[in-house]
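Going in written order, the chains are labelled A, B, C, D, E and F, and every chain counts its residues from 1.
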Amino acid sequence: MSALEIVGQVLVVLGALVFVTAALGVVRFPDAYTRISAVGTAGGAGIVLVVVGALLLQPGVSAAVKVALIVALQLATSSVGTMAVARSAYLAGTPLRRKHYDDLDTEGAPR
Amino acid sequence: MSTLTWPLRLAWFAAWYLKEIVVSNVTVLRDNLTPGQAGTPGIALFPTRCRTDTELTLLAALITLTPGTLTLGTAPHGAPEDPRVLYVHGIYHPDADALRADLAVMESRMLHALRREGVAR
Amino acid sequence: MLLLCLAAACAAALLAPALGRRLGRAAGWPIAALLVAVGVLVVQTSQPDAVTAAVPWMPTLGVELAVRLDGLSLLFSLLVLGIGALVMAYSARYLPTGRHGGFYGLMTLFAAAMLALVLADDVVLLFVAWEATTLCSFFLISRSGAGAREPAVRTLLVTAAGGLALLSAVVVMVAQVGSTRLSVILADPVWGENSGFTTAVAVLVAVAAFTKSAQLPFQAWLPDSMVAITPVSAYLHAAAMVKAGIYLLLRFSPVMSDVPVWRVLLISCGLATALIGAVAAMRRYDLKELLAYSTMSQLGLLVATIGVGTPAALTAAVVHTAAHALFKSALFMLVGVVDHQAGTRDMRRLSGLRRTMPVTLVAMTVAAASMAGVPPLLGFVSKESMLDAFWEVPGAGPALAVAVALVAVLTFAYSARLVIGAFGDRTSDVDTQDAGPAGSAGATTVSTTEPDIVTDVPEARPAFWLPAVVPAAAGVVLGLAPWLLDRFVGDAGSAATGDHTDVHLTLWHGVTPALVLSVCVIALGTAAVLARTRVEPVALRLRSPVSGLAVVDALRARTISLGQRVGHLTSTSAPRRHLMVPVVCLVGIAGVATASVHGLPDVVGDRDVPLDWGLLALVAVGTLAAVMARSRVAAIVVLGVVGFTMTVWFYSLGAADVALTQLLVEVLTVVVMMLLLRRLPRTFRADQKRSAVLPAVVALGAGLATTLGVLALTGRREMSPVGEYYAREGEAVTGGANVVNTILVDFRAFDTLGELTVLGVAGLTIVVLLRSRRLLPIKPLDTSRAATSPLADAQANTVFTRVLTRLVGPLTVLVSVLLFFRGHQEPGGGFIAALVGGAGFALVYLSAPSDAAAKVRWPYLTLIGLGVATGTVTGFLGYVDGSFLTPLHADLLGVHLTTALLFDVGVYLAVVGVVLTALNLLGRPRPSAQSPATHRAPPDQPDPPADEHAPTIDHARTEEVEHA
Amino acid sequence: MTGIDVALALLVVACLASTYRMIAGPAEADRVVAADLLLFGMVGIIALVGVRTASAATFDIVLVASMIAFLGALSLARTLTRGNR
Amino acid sequence: MTGSALPLFVAVPLLTAAALVLLRGRPRLDGVVLGAVLLASTAGGVLLVLGARDGDVLAHGVGLWPVGVAIPFAADMLTALMLTVTGLLSATCAAFAVASGHARAPFFAPLVLVLTAGVNGALLTADLFNLFVFIEVMLLPSYALFVLAGPGRGRLRQVAGARLYVTVNLLTSTVFLAGVAFVYGVAGTVNLAELAGAARESDAVATAVAVCLFALGIKAAVVPVHGWLARAYPATSPAVTALFSGLHTKVAIYAIYRVYAVVFDGDERYLWVGVAVFSVTMVVGVLGAVGETTTRSILAFHMVSQIGYILLGVALFTLAGLTAGIFYLLHHMIVKASLFLSTGAVEERYGTGRLDRLGGLARREPWVAVAFFAAALSLAGLPPFSGFVAKLSLLVAAQDAGQVVAVVVMVLVSLVTLLSMLKIWSGVFWGSPTPPETDDPSLTQDGTGAGPSSTSSGTAAPAATATLAPAVDAPARRIGAALLAPSLVLAAITLGLGLGAELLLGLAETAAAGLLDPSAFVEAVTGS
Amino acid sequence: MTLALAAGILVAGAVYLFSRREMLRVILGFVLLGHAVNLVLMAAGGTSRRVEPIGADLDPAVVADPLPQAFVLTAIVIAFSITIVMLVLAVTGRGDDDTADVLDNDGTEPDLEPARTPTSTEASA
């Protein structure tokens, strides 16, 4: 097993752990927004780690180019997608649990 | 501060951001693995200094990618000189101002790295 | 020559409508002449031995247009044609003036059909003619006004049922003997050898004949059919319809006369019918109805006589057939004359006609006397012979003869009643008192509301009564000189008995038991007539407890209501029942297969890898979640679990192209669902426990069956030969390394052409559906946040997606193009590339600040059309190399090009076209469809109460509670 | 048991956890969030399966997946607002 | 004709369909092209019939790939006859649609052309998976045709019927595909010729193919999986019902004949199942028909019943039985279309097919009455129409094969058939429209009369709606020659096929011989 | 084994959904059924050979059978087409996607009556 492979194995496991963290968040966090927050992490860091790890396990020049593209793309799409979910959740009236502050509530929207 | 240092600034920002992510991840992980929730969630209005759609989008994305913070959206700005605002959901900040402060740091670093000429503070 | 006779009759039938239209009622005369001419032709053709002729009709079935003229056929032919001619001539005066194309056409066709029936030497032809008479009678009866329709239908149903019995007999005989030739069948030794067969045919033929000849228990239709006009009745009762049954019985007598069931059936049913008919005739006031029941009765006698089966009996039956034809046709026509002249045929209203209608009176008296069996008329001769024949029956002879004599007494009585009823004077009002109950039995009873007495009826013109007088007179002549019939009857009897029969008919037999009986009959009959005021009330009380009509109607109604129940079993347009039944059947098939399939080969290799178990867990959880989902969003979300798991699974099975396709389809499906979910309620109905148990059981059974099927039927062989060919040769013969893609665009491009057509037409279907039906209205989001929140502004908040689209959009195009061109070598190809392209359009749609601003307004229909056209045209190019869809190869500038790529262009266009269709039609506002111009705008429904609250957790719970 | 196997197992667990949230809700948004996580998890699994089976197209598929998976997220988000943008 | 021309039966309609989509919005062009292609397809079928008279089989591996790799197309007499009659029917129904104005709806012509392509492909292919694809090619345009209507004129019942139609057909084709998968799983091929006799030799193959046959059975509407057809078919327009009746179930029946003959090699172990099931089909179908109260629902249930007759031919699997079955199949396509078109003409002009709201048309529309009555008698198996020959030959074949129960069932069913035809006859062509009775219990139960009870008691709702709607008034215009001609032509054909039955009987026997001994078919496919 | 079980589970889910009255659930049932059949097709090719069939002169002992893959591809696309059609049918009905009877026994259509608010009593079969 080459060093590259070992690093790769470690990275994919780390990435998977990020996913598990996010999954834990999704299961345990109290409301939709905190859960979304957790997911956003997985979509960013988690995937990047896994994909880069995969690259190290299946190395190649064109693969590296693709992985760079994937990372950029994944960060962009996952964050935008997550934001869309968050906003829709808010507009759909999803409640905020145990909130300590809310600048959106100053317009007098009924609680 | 010039175009020459731009790639360097970008890389530095990336490194910093990576560190931020790791730290936040640990926070979230700790929160999740311990019984009960330690968070103090809330939504803060954050007036940005972004000038373009791209900057605003990037900032929003970075906020979202950071564990513990989440961009909910933006609002129309009445006049061109009005700041573009973001509504950000935070979990681990005691109040809106603390959240805004953290966001401001990230915004500054981002704009500094992003703008070819550096940021005009 | 013989076929010529038949052809001539058919020609007459074709000619008759034209004559009827051109000449009006007067067409009866030329048609009568035509029938006479055909009759002459038949006689000319006849020879001492049977004359046969045949032309092939359906050689595959061995069916021929075979005809055979023997004595029996000749006699019946002459009856059919002769009586037919008389009835036609009679109609020329009976009918009102005006066009009568239909009537004459049908009547002549009836005659032709009867002729074919009695001449047929092919059982199929016999059956065809039989059914033709059924149809003709249906039409002839139904033509007589609205009241005639129900009777016509009943007549048709009863006689068609008999036809089916005959058909069954035909089928049994043809299958047994292997020939459709009647003469061959009747000559076959099987009749004596196979008693089961013989018995079956005997019953079937008897039933067929009974329906046609109105024998118990199929007698109902005959009086019912009295609604038809008189010429029709005359023909039906005297020579045509009912005689077909008699002919059939006589025709089969040679092989049946020794069959016990035949004899028992014929004698018992015949005598019963004779009695019941005679009693019924005693009760009727309508002259025509009286005659109808008399027909029943007389035919009963005939049937019973045939049942006796001795040569003497059969000969007697033949004679009586002729006699009956003569007197019954005369009587019907004469009743018609009375009816025509008097305007009624209710004997309670006719008075004193004997003074004004002398010719009719004499003729009817003579004919009725023949019916009554009074010497020296032909009816006497035939009745004598029948009594003789019955007397001779071993064992039961005297008893049977006495029974027949009883019928004869009644016959005498009702014959007299007929004449007296028509021509006598009405002296008392006794007759009218009991009209009510008598009327209720039949649907056709004359109205009794206004019993005006009709008198001073003028005699008809000679041209009118002449056709009626002729058969009556013939009865006299033949009664006085019965030997005139010897040859005819002898030949007919020979045919009916199967042996040569010499017949010497005489008026005077000497003193025989029959003569004694005859004398008694006449004496008793006369007594009954004299005492008729006391006899008739008795007869009126003798009504049968069950009406035949009621039975037929009840059977019909029962059948219809049973049908309704059967229809109700499946009468729902909801898919569920129609989907569950096949599933249950499949489970059954699986069960049978499990029990019966043995000796399966061993499993080859290791079917699972560890990851498979994880994927299985995801599939299981996703499926369970999809089943349990309460809200629509939840359902499609958990369905995604399954869909994406499938993607991974395909990929793990070495199917990269499939995985890519599945992934793209999964996402695009979600996009389309998003476009539509907003028009549907948020939650499903709650599943009730009761309604969920059975489906769950079926579902588990189906799942088990599937699992067993896959375990048993897959994974137990090495790579298939064709798979091996693809693996080894695929790249070499197509130039494409991606074998799956080469299958899609080279080896099995025809499948793919079909597939892209399916896609394209799906697009057309959406277009068509949305042009003819409006979409449900969008159910608005019911929270104040959606309207007042700072986040609600779409223009501002789509900034993120718009920025992203600037990055991802071009990339999508690039990736799509790359995937397209490399598809032949690596995962990709037209479908996948196009799905990526479609996803790009979805991105454009989703990121736009408003539906209207989404730049997806491409000419999607043109894309679809071009796609299908490109695929097909590529196929045509293949003909250059010899076959449709053969790929052409060319090396251009070192680049290997194949028309498979062009084919993929077609695929690409069609797929993109469909995605664009969905986005445009489902996702964009369509002013034309939404405007009130389409006047049938359904009211925008008020939201269900559930939607009035914000969709909070609590709300979701309450909603479920409400539905539980 | 390589790292890939461990990672795959963890990712499957994460996906199962997200499925739990899809079923449990309670808000529609929760289900959509869980779907979002599932999408990402599947992208990860695809990458690892590609490596594991030595697929020639590992990163092509992941690229396409990361490019379009978020369309699913966008669409699901849109369903929350009944199509409102 | 050479084998390589066989794909043209698919390609030409497809290409013209695509062209018409591209040149959309020209009704006259649509009509002309549609008619021309359909007649050309019919003519092609006739050519194939002429070529197959001696039992020859034309086969072609599409794309000239090796045997077993290429998708094989093959045409024997049975295929040729089916191609001819389906082409003829499509042309007739299209003519009716043009006359009724239905063809003016968008994309009618291209959709019918794609349908034709699918039908032709399904008839010609000798590959099970390709058959699946062509069944789908048939189905998709059918879904569109089902809901085809003027702008905003689509009715709810069309949608409901389409839902039923689509879901059942999707289930059917999915089950069929599963069967194909199993076949490939056990046999390693989906090529019919390579599968020849396989089910006789292996129970596993038999099971796999049984799944395919069952799917085709759903499509053919065999009891107990028949209910969908009787419910869905009357929900679309008359022209489309007629078109479907002639094509969809018949292609399934054709496939059942072919697959059983080739793959099972006529295995007699399973024939009794067919005899039993198809006899029940006859009975249930006819009873359902006699209980219905609209023209098209009666006729739709009759299809079920008649399908039992047709399939009995294959369940007998003797030369006589197959001949009779094939003759019955072709006869029935014509007669059923004629009936749907004559009653459809009434429905188009008088706006309803309800027996209680029509009446007296025998006098008003004598030619429609003639067309209907001829076809109805043919359906009931009365001479001198083709239905008689069909029934007779089937009866003799069944009796020959010793299936006495089937004979009895056939005989009794034909009487009930006549009864139901008389029901239409007296409801539509006799009498006058009668006001429906109003004392319906469901009206008093809940105000609308169309409450939940309508699912359980199907008679409750119709009376309720009937009270709202007055009896139909006679329209100013009578049924024109154009609307009448299609049904009349088909009625004339059924008469012609009765009197001149030998023409078709001989051909059917050739086709049957090809099924009884499929070696010529197998050799042609494996030699192409 | 796993594919067989998965196919069985999918079929069971599909069949249960067929028994529901909302069109959307019936459609989802068909999506599940489609997955099941695709798994059966893949299984028919044999799941012990999983190497991607890409390249020249592949070894039939290890490479996955490409033909079922092509079949599945075709099946997926066809199913997608029909799913869209069914989805559109689901939103062109009366008030929602309820498939309860709208055809009366004699074919008349109570199309113009106002949509009824669904009640729980109607959910029973």
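Odds and ends about this structure:
The rule is simple: a contact is a pair of C-beta atoms (placed from the backbone, for glycine too) under 8 Å apart; a residue touches a chain by one contact, two chains touch by 3 or more.
None of these values were measured; they are calculated from a predicted model.
Any chain bridging chain A and chain D, meaning touching each of them, is among C; the list is complete.
Number of steps on the shortest path from chain B to chain D, with steps defined by chain touch: 2. Each step here moves to a touching chain, and the least such steps from chain A to chain C number 1. Chain centroids computed from C-alpha atoms place E closest to the centre of all protein C-alpha atoms shown. Taking each chain's centre as the mean of its C-alpha atoms, the one that lies farthest from the centre of chain B is C. Chain pairs E-F and C-F differ in how many C-beta pairs are in contact, and the one with more is C-F.
Centre to centre, using the average C-alpha position, chain B and chain C are separated by 78 Å. Inter-chain centre distance (chain B to chain F, centres taken as mean C-alpha positions): 44 Å.
We define each chain's centre as the mean of its Cα atoms; on that basis chain C and chain D are separated by 58 Å. Work out the mean CA point of chain D and of chain E, and you get 46 Å between them. Chain contacts: chain B has residues 57, 60-61, 72-73, 87 touching two or more partner chains. Residue positions 567-568, 571-575, 577, 579, 615, 636, 652, 654, 656, 673, 677, 706, 709-710, 713-715, 717, 720, 722-723, 726, 748, 751, 755, 758, 761-762, 765, 769, 773-774, 781, 786, 790-792, 797, 800-801, 804, 808, 811, 826-827, 951-953 of chain C are each in touch with at least two other chains. The set of chain A residues that touch two or more partner chains comprises 24, 36, 38, 43, 69, 73, 76-78, 80, 82-84, 87, 90-92, 94-95, 104.
Of all possible chain pairs, the ones that touch are A-B, A-C, A-D, B-C, C-D, C-E, C-F, D-F, E-F. On the chain F side of its complex with chain C, the touching residues are 1-22, 24-26, 28, 31-32, 35-36, 38-40, 42-61, 63-67, 69-70, 72-74, 76-78, 80-85, 87-93, 95-97, 99-103, 105, 114-115, 117-118, 120, 122-125. On the side of chain D, the complex with chain C involves touching residues 5, 8-9, 12, 15-16, 18-19, 22-23, 25-28, 31-32, 34-35, 38-39, 42, 45-46, 49-50, 52-53, 55-57, 60-61, 63-65, 67-69, 71-72, 74-76, 78-85.
Against chain A, the residues of chain C that register as touching in their complex are 781, 783-786, 788-792, 797, 800-801, 804, 807-808, 811, 950-953.
Chain F contributes residues 18, 23, 26, 30, 33-34, 36-37, 40-41, 43-45, 67-68, 71, 74-75, 78, 81-82, 85-86, 89-90, 92-94, 99-111, 113, 116, 119, 121-122 to its touches with chain E in the complex.
Chain E makes touch with chain F in their complex at residues 129, 133, 136, 139-140, 143, 147, 154-157, 159-164, 166-167, 170-171, 174, 177-178, 180-182, 184-185, 231, 234-235, 292-294, 296-297, 353-354, 448, 450-452, 454-455, 458-459, 461-462, 465-466, 469.
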